[in-house]
Amino acid sequence: MRNSFGQIFRITTWGESHGKAIGVVIDGCPPGLEISEEEINLELAKRAPGKQPHTSPRKESDRAEILSGVFEGKTTGTPISIIIPNRDADSSKYEPIKHLVRPGHANYTYLKKYGIFDYRGGGRASARETACRVAAGAIAKKFLSQFGVHVEASLLERGEIEEGDSAGGVIEGRVEGVPVGLGEPVYQKMEAVLAQAMLSLPASKGFEIGEGFGAAKMRGSDHNQRPTGGTLGGITDGEPLVFRVAFKPTSSIAKPQETKTLTGEKAVLTLPKGSRHDPCVAIRAVTVVESMSALVLADAILMNRSCFTNPSL
Amino acid sequence: MRNSFGQIFRITTWGESHGKAIGVVIDGCPPGLEISEEEINLELAKRAPGKQPHTSPRKESDRAEILSGVFEGKTTGTPISIIIPNRDADSSKYEPIKHLVRPGHANYTYLKKYGIFDYRGGGRASARETACRVAAGAIAKKFLSQFGVHVEASLLERGEIEEGDSAGGVIEGRVEGVPVGLGEPVYQKMEAVLAQAMLSLPASKGFEIGEGFGAAKMRGSDHNQRPTGGTLGGITDGEPLVFRVAFKPTSSIAKPQETKTLTGEKAVLTLPKGSRHDPCVAIRAVTVVESMSALVLADAILMNRSCFTNPSL
Amino acid sequence: MRNSFGQIFRITTWGESHGKAIGVVIDGCPPGLEISEEEINLELAKRAPGKQPHTSPRKESDRAEILSGVFEGKTTGTPISIIIPNRDADSSKYEPIKHLVRPGHANYTYLKKYGIFDYRGGGRASARETACRVAAGAIAKKFLSQFGVHVEASLLERGEIEEGDSAGGVIEGRVEGVPVGLGEPVYQKMEAVLAQAMLSLPASKGFEIGEGFGAAKMRGSDHNQRPTGGTLGGITDGEPLVFRVAFKPTSSIAKPQETKTLTGEKAVLTLPKGSRHDPCVAIRAVTVVESMSALVLADAILMNRSCFTNPSL
Amino acid sequence: MRNSFGQIFRITTWGESHGKAIGVVIDGCPPGLEISEEEINLELAKRAPGKQPHTSPRKESDRAEILSGVFEGKTTGTPISIIIPNRDADSSKYEPIKHLVRPGHANYTYLKKYGIFDYRGGGRASARETACRVAAGAIAKKFLSQFGVHVEASLLERGEIEEGDSAGGVIEGRVEGVPVGLGEPVYQKMEAVLAQAMLSLPASKGFEIGEGFGAAKMRGSDHNQRPTGGTLGGITDGEPLVFRVAFKPTSSIAKPQETKTLTGEKAVLTLPKGSRHDPCVAIRAVTVVESMSALVLADAILMNRSCFTNPSL
C-alpha cells in the first residue's frame, strides 16, 4: 500500500524529517541470514552527506538500531524493525516561509491533499525517508550475496554546480549475476517494478532500461543485436541488468525565487540562512538507487521461489 | 499480484494470444456508472490493426462481451468480466521455428522460467494481452469523465519504416483536468505508478515525466520555472500530467536474423511467410498508453477517496 | 481485495446468478500441473443439486470450460480462466416480490450499499458463486495431491427437513498429510485464514478448530493432552487439521413470512411457486468447504516456499 | 502480508516478547484525527495484568510512544509509528527447558518452520504482540467515534481457576452504531474479516456471529426472526454486530506435564519457578477483542468510502 514496497520481501517505512525518528519494518526476510547493525550503518554512511563533495554539510551521523527480528546475529524470519533517530532538528527558521509555495517542492500538494502540512521539513516527501530504504537495502544486499547477485550504481553525468544554484544528474544502476527467470510477465515485469522503485525516489524524473529512449530511434535488425539491458518479455535473461535514472536539480536553492503564497499572492522565496540542501541530489541518491535495486531483486527471487523451482535459488 | 494492476480499481487479465479467448476482470468499479459493450468496442477498434498505416494486416475485429457486473446498462459494483474471443489462430506455421531463440523476444526467458512455452505465440508476453487493458481502460475513461479528467496519448516520434525491418517510437501521454492531491507520497507516487504501468507494456524501454532526462542537465533556478509535468512530491498539483514512453522496434522482423537454438547452437531465424507483425509497435500502443493512464488515474481517485475528502471527487 | 482470495495461489471470482455466466481466474498456480476440464467437472458434479436428497431440483448440469493457462494438458504458470455458463434463468417470477425485504437475505443490504440490486437473484451473494470456488478448488486439490495432502469434508449434523421450512447444519473439514510449518504466525495463522475462508461462505455463522468452543470449558492440563486440531501458534504441527463450520438454515423458505417493503411498510413475503432453494444449504456446502480448504492449503504451501526451504515441499 | 492486517487502515506489527521493544506502524489513518499518547496508554492499561484478578502479576506498565504521523496533536495522514519498550526481560530461567516441546505452545512449530527459535519467550506467538494491536486499536476507536460507532467486549463465561492449572473462556464482542452497508460481499464479508481477526489472536479456537453454532439446529422460519448478528450477505444491516470468540486455557501451566524433547524423547516439563502466565488468557483478551473489532470496522469504513458514497461516512 502507500508506505510499503515489495510483495514478499516487503518494507514499510515511517517517519518525518523533523520528528523524533524514522524507521523501517522489513517483513518477509528469510530466517538464518547473518546481519549486524554495523553492516547497516556502513551502508548508511555511504549515503551520508559530507562524504562526497557537493553534499549538504549537515552532520547527519545516522545510526540505525535493530529492534526486532534478529537473534544471536541472525534473522529469525520475523519482522525486522530498524529505527534511526533524528537529530539536529532546529526547525524554527522555517517559520518565516511557512506560508509560501516552494517551487518544485511538495509543500503545496501535501497541504492540498492532507489539509495539514508539517512546514518544518519535507515530511514524508523529504529525502531523509530514503535512509530507511538504505537500511533495508543493506539487508537485501546481504540476502542477494548468497546467490552471487551484486548491485551497484554510479553517477553517469551531472550538471555543473554553482554557488546558489543546483544541478541534476543521471545515475546508472547495474545488477550482475542475475539468474535467468526473475520477474513476472505482465504487471510485475522486472523493468516495471524497477521503474516504480526508481520513480518513487524524490526528484527522479525518468527511467530507462537497455537502450532506453535511444531504442526509439533504432531499427529492429540493429536493436536485436544490442545488449538487452537484462530482460526479455519482462523476465531476466541472465545478462546484467543495466538501467538509468534521471534526477532533476534540487528544488531548494539559495537564490531568491519568484513564487506565490499558499493563498495565491505573488511573493519571493528566500530560504533561511543556513538551510542545508545538497546542490545535486543525484550524488547522494547513488546509494539509494543501489538499495532500491537490491530490494527489487530480493523480492523477485522470493516471488519466483513461491511458484518455481530454480535450482540456483 | 502477477496479473493484476491497481489497488481499488483493480484489473486482472488472462489469456494467451493463441488460446480460445483473452479477458479481464475489473474489481472495484463503483456502481451506477453507465457503460455499454459498444463503448468498449469503440476503444478496441482504435487499437485494431489496419486502422493505421504500418500496422499488422490481421483482420482482428475484436469484439468484447460483458459477462457480469453490468445490469440494465449500469455497473452494479460487482466484478465486471469482459471476454474477447480469439480468432484466426492458425499457428502451425510456427512449428518449424519452435526450437529457436527469437532475438529480443520472450520465448527463451519464458521457457527458462516456466519450463514450458506455448511456441505458437507470445503467450502472456504477446501484445495481444493489451487488448484487455484497452477494454478495462474504456471503463476507467468513462469513470474519469464524471470528474472532467481526460486522458490522451499521441505518437511523438517514430523511426522510418522500411520493408523487412522495424522501427521504434516515443509516445506522449497527457492527462487534463487532474484534481490536486492524487497519488500517494512514497512508493505510490503518481509518477511511480505511471512508470510501472508504462514499463509493463510490451516493448517499452523508458519513461519520463515533465522535463524527464532533460531535467538532469538543467539548473534548479531554471527547472523550478518549467512545467512540473503535473506532480510535486509525487502528488498531482492540478497541472496536466505530461509524460513520455519509449518503445523499441518490434523484435519480430521479416529479415533473416542470426540466433541460436534453445540448446545453444548457431542458427538463422526466418519468420514464416505470412507472419503478421506491426513494423512499429508504438503506433498501436498509443491507445494502450491512454488506457493504462486512465486505469492509474481511476485507481488514484478511489485510493484518495478512501482517506481524504476532496469535495470535487 | 474484494473478490479475490489467496496471496500467491490467488483466485478472483466474478458473475451473478442470473447473468450470462460465472467464472474464476486463478493466478499463481505453478506450471507443469496436469489438469483437465473433466477433473474440474467431476468436482462440480459433487456440488450439483439432485445428487443428494434435499437439494434443489434445478437441472444445474454445470460445465466448466478452461479458457487459458493450460496447454497440452498442463498448467503453463499463466492465469487459468474458467467459465461456467448460466442456464435456466427465467427470472420474471421474482418481479412480484422485488419491492420486499427478504428475511435473512442480502437484498436489503445490497441495495443500501450499492444503490442498485439485481432483484432476479442473489447477485454475488448467491450460493451460485461457490461453483467458481469448487472449480478453482479442483486445481488446488490436484496441486496438493503432489505432496500427499488430502482434504475432505462431511456433514456432521443437520436439522430435520420439513415441508415448507429449512434446516441448518454443521460441516466438519479434515486435512490429512499436512506438513509441519505451514501458516504464518500472526495475522495469517492457519486457523485465521481458514476462518476467513469459511465465514466467507454464504449462510455460514461459525467456525471452530480443534476443541473449539469446547476448549473454553476445559482446564489447561486436560486441553494440552487433546488433539491440537492441527496447529500450534497458528502453524501446522503435522497433525490432521480438523475444524467445523456452522451453517444457518436457508433463508428462502416456501412458507409465507412477515416482512417489510423496501420502504418500510409491513408486508408478507411468499416466494413464487417453483422457486428452487435447497432446504438445507449445508448439504451442498460440503464440497465447497473442501474446496476452500484446498485453496487455503495450496496458498499456504506457496507462501511458505517463498521464504522457507522445506525439503518435502 | 504476514505481519500486516487491513486493506486501507493497515497495521504492521513487529517485535518479540524478549527483545528490546515491540511496535506497530499504522498506514492509512486519515489526517486530522486528534490523538494523544495518553489515550493510547489508557487502552494499554486496560489490557495490563494486575488490573484484573487472575492475571499475571508482571509489572508490565507498558508505555507507548508515538514516533511519527502525529503533529500538534493531530494525525497527518502519514504512517503512525508507535513503540512500546520491553522491560523486565530476565529470560535465563527458560534455558533449562529450551530443549523441550511445550504442550499447546508454538515452540515446536516455530522451530520446524524457521529452523531457529528464540527460546526466551513466545517470539511473535507471544500474547505480548497483542499490546501493539491495542495501541493501534486505540486510534481506530477514536476514528470510529466520529461516526458514532462504538465497540465493546466482555467475558461471557470462563472456567474455574485452580492453583497450578488454567482455564478457558468465551468473549462476546458487540459493535453499536454500525452504519448499513459496510463489508464487501464475497471474501471480505464483515463476518469473514472479523473471523480472521479473532482467530489471529493467540489461544483463540472459535468464532461465531449471531446465532452461530446454535443456528445449525434451527429452522429457517425461526432463524429468520432472530437477530441477525448485524450482517446480511456479509454486509452490515444496521443492527449491532454481535459475535463470540472461544479461548482455550493457557497452555503454560504450573503443574508438571508429560512431553517430549525436541528430538523426540519422553520428558517432563516443569516451568521455571516465577514464570508468569495468566491462568485464563481470555480475561486480558477482552481488550484485544475490542481493539481488533475497531480495526476491522475502521478499515471497512475506509474500504467502503473508496467506492461508495454513504452520506453518513
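Letters A, B, C and D mark the chains in the order given here, with residues in each chain numbered from 1 onward.
One rule holds for everything that comes next: a contact is a pair of C-beta atoms (placed from the backbone, for glycine too) under 8 Å apart; a residue touches a chain by one contact, two chains touch by 3 or more.
Owing to the predicted nature of the structure, the values given are computational and were not obtained by experimental measurement.
Asker: Quick one: which chains contact chain A and chain D both?
Answerer: Chains touching both chain A and chain D: B, C.
Asker: Could you tell me which of B-D, A-C or B-C has an interface matching A-D, in the sense that over half of the contact pairs are shared by residue number?
Answerer: B-C
Asker: Can you check how far apart chain A and chain C are, centre to centre, with Cα atoms defining each centre and the answer in Å?
Answerer: Here chain A and chain C have centroids separated by 43 Å.
Asker: CA centre of chain A versus CA centre of chain B: separation in Å?
Answerer: Distance between chain centres: 26 Å.
Asker: If you average the CA atoms of chain B and of chain C, how many Å lie between those two points?
Answerer: 35
Asker: Could you list the positions in chain B whose residues touch two or more of the other chains?
Answerer: 1-4, 7-8, 13, 28, 31, 77-78, 113-115, 123-124, 185, 308, in rising order.
Asker: Residues of chain B touching chain A in their complex?
Answerer: My answer: residues 1-5, 7, 13, 103-106, 108-110, 112-115, 122-125, 129, 157-159, 162, 165-170, 180-181, 184-189, 191-200, 202, 204-213, 215-225, 228-229, 231-237, 246-253, 255, 257, 279, 282, 304, 308.
Asker: Taking the complex as given, what residues does chain A use to touch chain D?
Answerer: Answer in residue numbers: 1-4, 7-8, 10, 12-16, 19-23, 25, 27-28, 31-32, 65, 67-69, 71, 74, 76-81, 83, 113-116, 118, 123-124.
Asker: Can you list the chain B residues touching chain D in their complex?
Answerer: For this pair, the touching residues of chain B are 8, 28-31, 77-78, 185, 302-303, 305-308.
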